[in-house]
Amino acid sequence: MRTVIEMVWIVPVLPLLAAGVSALLPRQRRRTAAALAIGAMAAGFLLSCVAFAATLQPAAPGAPFRLVRNFEWLQFGSASLALGWVLDPLSAGMLVMVTLVGALIFIYSLGYMAHDPNFTRFFCFLAFFASAMLGLVIANSLLLLFICWELVGLASYLLIGFWFHKPSAAAAARKAFIVTRIGDLGLLLGMVWLYRETGSLLFYDQGQGCLEQAALSKLVVSTTLGGLALSSAIGLLLFCGAAGKSGQLPLHVWLPDAMEGPTPVSALIHAATMVAAGVFLVARVYPLMQAVPSGAAQVSTALQVVTWIGACTAIFAALIAVAQNDIKRILAYSTVSQLGYMMMGLGVGGVAVGMFHLMTHAFFKALLFLGAGSVIHGCHEQQDIRHMGGLRRLMPVTFAAYAVGMMALAGVPLLFSGFWSKDAILHAAHLWPLSKGPFVLGAAGALLTAFYMTRQMCLVFFGPNRAAHASAAGGHVSAQPHESPAVMTVPLLILAVFAVGLGFLGSPAWPWFQGWLEGSTTHFQAGHLSEALPTMLLSALIVAAGMAAGWWLYGRAPRQSPREADALQRLQPGLYSILAGRFFVDEFYAATVVRLNAGAALLSDFLDRWVWGGLVRLTAWLTGQFSEIARMADEFLVNGGFDLGCGRLRRGGRFFSGLQDGQIQHYLSVIGLALAALVLWLVWGGAL
Amino acid sequence: MTPLPYWLILSSILFAIGLAGCLVRRNAIMVLIGIELMLNAANLNFIAFWRYGSGAEAAHGIMFVLFAIAIAAAETAVGLALVIALYRLRRTVQVDEADALKADDKPR
Amino acid sequence: MNPVFFILAVVTLAGALGAVALRNMVHCALCLAVTFIGIAALFLHQGAQFAGLVQVLVYVGAVAVLIVFAILLTRSGDARKGVAVFSRSWKTGLLTAAATLATLVAAIVNSPGLLREAPRAPELSVRQIGLDLMSQWLLPLEILGLLLTATMIGAVILAMPEKPSGEPAPGPEKGARP
Amino acid sequence: MTAASIDQVFVNAKQALLSLLPETLRPGLSMAINAAAILGTFALLFAVATLLERKGLGRIQNRYGPNRVGPFGVLQPVADGLKMLIKEDILPRQADRVVHFLAPIALVLSVLLAYAVLPFGRNMAPIDLDAGVLYFFAASAATELGVFMAGWASRSKYSLLGAMRGIAQMISYELPLVLSTLGVIMVTGSLSLVEIAERQAPPAGAILGRWFVFTPWGLAGFLLFMTAAVAEANRAPFDLPEGESEIIAGHMVEYSGFKYALFFMGEYLGMFAASGLAITLFLGGYHAPFAFLGWAPSWFWFFAKLLALLAVFIWLRGTLPRLRQDQLMNFAWKWLLPMSLVNLVAAGVWSYSAAWTLPGAGFVRWASCAGLLILPALWLSRGWRARVGPRVYRYA
């Protein structure tokens, strides 16, 4: 058992080594780079399975399984910074999920990126991203987590901007990096504040860790401004980081633009792993967020904020997704919405509910993205759904996998994992003591999710193929859409299997996943189903309604030409234009924050150029003047006065030295004259 | 007896001649001769004042002259010794040529 | 104007002028001797017998010979034609001497107090001078003795030819056989 | 003709002569007479001395000496004198005419001046100066100048070299000369030669005259004085300056004719002057050695002693070899000078011990003074006595 924790750190290091080596490889060594990356991920997956198996036998009944390994990283003066990694159900689950999904996506991108010239560089970045994500997952110290968090941000920047020659990609990469940085600032402040308060950044450290009871009790007691408990304040700051990374409401703008990157990137980063990092962070520091002053039974303010933001993001993103025409943007907004659900799940239901939805979502969202990728690949880089249609017969395997993913996402009852995880959230939201708001928003979100997924299915797979129209207008002859090769479709099928199978792990009847997380043993009781029945029936009803509406608008009268107005647009032109414009959040930001930033930049430029620059020029001028004065003084005062005086003195000295020229007769004559003078003075001196 | 001023004028003339000798001639020995003349002029004055002064018995004047003569002789002896040493060192006794105190051995 | 005084004055001044003005150094030295004798005679004329005799004994006997020896030793005697006798700034020298003379004579002439008549010639015997020397003037006499000794030794050392290393050369008798 | 009248014959003659003259000229003329008398006698004595010297030398060297001119060569001086006058007076071309001419005059003049003080007889001292001895030395100081003028004026190396040696010798020996007289002056308490002579008169009743030479310091003083006098006159053992065998006549080499005669006379006069002084100081001046001989005139005794000393000079010249220059100088500075100083001390002891009244005081005085003189003499001359031995003729 001990040896497992010892070798857990190898999982993130393997992809890092792969990334390092492939970075040094010349551009044409494509196969080695790919082999290295996939091999590292495969090995990582095996090790993760071993670790997962280890976590199945809990050491002590009732207590969650946890193995900790800390080491001294930095020593400065008396203080020292310690890092470490931990193996507990939460990290083990994430390890398995990330390595599995990563491996499948690596295999898939073999085909997708086959004829891309920068193939090796792509795999190097992918491996680098995987190692950062795995590092983040197993981190036992908030500092190590933060380091990996930044590396993940860097990897996302590199991968989004992979085709940097496309200006939009470069802009999207920069936007993603900056927005996440804003969130990371909150994370950094929270981390520093936590370090100052608890004195240690290690989560679990034999009782000294910041998430353990001793530190939490200290944090809960003291309050900061406005009576907010210290733990909640730090929790909120950490949540800012999570919001940035997971694209919650105020900071979600970068996620849809991140679709500029290649589709496997979108799949891996913007569906499964990186965006999940925010949720994982909240799950990891859940005890801190959850802590409330002893005695008071109500939910801590931090969790309330998380819940409400999650709910709002869910409904907001779902609304926008309805009016999108780009296949990847629809999925991007659906991801934002689902992340909102996860945050709400964490807020209302606790770690198990949130994490279960995260796991299921990772698989079927990756499936959907890879499916979209295969569609785009098939339609020769065509991303606009208005130019697609009728691909059901042309790409049957992709259609089948995509349909499974769509139904999982929509939450079709009983068979698909999406239904169980979303239902659990709704159930928890329903039980939430504070208010019914989140439950209502969640339900509406679920309805909209079903609606826009059916819209997408109808427009992409059903109805006539609208690609020909585009070619006539666009002027380039496009070949008939063709099915993707096996190397792309096999991962789709594997993901489809998981998208279906995973749901049964966490159903109310047999809540194995929740029990595994808390470390309690679970066994099959159909009875639990009965108490969760009402929410299950409600959600089934919602899904049905959403699909019916979708089919009614888009399935019944399939769209004939790309330029044809959208069905919803015909119904509600005003609402449709707002939704299509993404509630104009970007424009709002551009109008306010960006303008403000530009203004600030201008101001600082002005300050720098005129004020400081002015000061510098002023001092330069003053120094010039002083030196001028000094020169003048030197010129006239010293040279004129002093030197002149010295010169005169020297000349006088030379004159008197003439007297001492060694001619004693001169001396004698002087004596003679003196004698004469003396006599004169003596004799006539008195009379004068 | 000739009045006192005559004696004094005579000694002044003698003194002036001695001084002229010192200043005019280039030879060191001539300077010494000039000095001797001046000293003798002074002695002449002493005797003159002794003779015409009051209290001739006290012989102060004569005493002065005696001591002056002795010391002048000593001074001449040393002066000439110096001149001879200078000559051996510099091969010249011209006063205006021996104008440097620097003790370089080579006779110039 | 006593004729004897006049003659002696003329002789002395002539000697002095000769001592200063003559080109040949030895002639100057001899003229100097003549001046010394003239001055000694003036002393005798004044009645200072002892002083006169001492003057002759010391100056004519010793100093004149000394000067002559010095002239010979420094080869100033054979006045070569080229060597200038008078210094470059002889005019200023003369001027200074003249100025001094003028001032002194002016002082003498303008002080009436000097025109007192001569008192009786004093009777001063050598014994009296001896007694004075040994009583009232004893200290100066002793100091004079010391001075003369020091001078003699110093003059000898100064004039002695130096060995290359700077010490005075050993006397001839040390090495010579009887 | 009483002894006194014979004694004072010259004095009376002079007075008689003076009485003939007008009052105003008397002082000047008395001086003139005195001068004439001195010149006359000593010129004559000079002539006789030359003859005596050559005769004496001859006898010493076992030969006759000049006997051709006149009986027994008596007229030889006249012949010499005549020869000197007739000889051409040569003046070397490069010589300095004025100084060359003045040299003999200066020499003779200074020596003659010295005679003004010597008491030739009772009341026969030309001038009785209070500082007689001082005058004597002051006057003779000019001789060195004369010698120098002679040596330098003739512009030849030998004459200059001779002059230099002569002057060095005269200066070196002048010091012992003067110091040796001090003893006498200290004892008599006066510088006046007449008084010194009077002090040596035989006391009433005593047989032996109280000459200073009969006192230990007196004898030493006399010997020192005579040695220095011989050197002063460049005579005999000290006649290096005009040593005939080396540099012919020294400073007189360029002189001939009358000027040479003058030099010769100057030399003899210097000798007589020194002897006269010695006589006055040590040999009782014009007093007779013994009281009973008192009848002879005072000037007779003076000139008798003079001739005796002349004989000694001639005797010295005939017998003693010439001294080398360094021996000469050493002898002066390292023997004579210290001895004269010691002599002074002895004279001092003698005069203080005069008041001793103890029995045998006389003998003790003599012994102490003699010892005080003999011991330093022996000690000082230890170097020479060790080296004096049979002469080794290296080249003979």
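Lettered A, B, C and D in written order, each chain numbered from 1.
Just so it is clear, a residue touches a chain if its C-beta (ideal position, glycine included) is under 8 Å from a C-beta of that chain, and two chains touch if they have at least 3 such contacts.
From a predicted model like this one, the values you see are computed outputs, not experimental measurements.
> So which chain is the furthest away from subunit D, centre to centre on CA atoms?
Chain centre farthest from subunit D's centre: A.
> Report the chain ID whose CA centroid sits closest to the centroid of the full protein CA set.
When every chain is reduced to its C-alpha mean, the one closest to the whole-protein mean is B.
> Consider the two chain pairs B-C and C-D; indicate the one with the greater count of contacting C-beta pairs.
B-C
> Averaging over Cα atoms per chain, report the distance between subunit C and subunit D in Å.
Each chain reduced to its C-alpha mean, subunit C and subunit D end up 29 Å apart.
> Please work out the Cα centroid separation of subunit A and subunit D, and write it as a whole number of Å.
One centre to the other, that is 143 Å.
> On a C-alpha centroid basis, what's the spacing between subunit B and subunit C, in Å?
6
> I'd like the Å distance between the centres of subunit B and subunit D, where a centre is the mean of that chain's Cα atoms.
Measuring from centre to centre gives 34 Å for this pair.
> Name the residues of subunit C that each touch 2 or more other chains.
Each of 50, 54, 62, 69, 87, 89, 92-93, 96-97, 100, 104 in subunit C touches at least two other chains.
> By the touch rule stated above, which residues of subunit D touch at least two different other chains?
Residues: none.
> Which residues of subunit A are in contact with two or more other chains?
In subunit A, residues 663, 665, 669, 672 touch at least two other chains, as defined above.
> Hey, which residues of subunit B end up touching subunit C in the complex?
1-6, 8-10, 12-30, 32-34, 36-37, 40, 43-44, 47-48, 50-52, 54, 56-57, 59, 61-63, 65-67, 69-78, 80-85, 87-88, 93-96
> Give every residue of subunit C touching subunit D within the complex, in rising order.
My answer: residues 24, 26-27, 30, 33, 40, 49-50, 53-54, 56-57, 60-62, 64-65, 68-69, 72, 77, 125-127, 172-173, 176, 178.
> Looking at the complex, which residues from subunit A come into contact with subunit C?
663, 665-666, 669, 672-673, 675-677, 679-680, 682-683
> What part of subunit C is in contact with subunit A in the complex they form?
87, 89, 92-93, 96-97, 99-100, 102-104, 106-107, 110-111
> Tell me, which parts of subunit C touch subunit B in their complex?
Spelled out, the residues of subunit C in touch with subunit B are 1-2, 5, 9, 12-13, 16-17, 19-20, 25, 28-29, 32, 35-36, 39, 42-43, 46-48, 50-51, 54-55, 58-59, 62-63, 66-67, 69-71, 73-76, 83-90, 92-94, 96-98, 100-101, 104-105, 108-109, 114-119, 122, 124, 128-129, 132-133, 137, 140, 144, 147-148, 151-152, 154-156, 158-159, 161-162.
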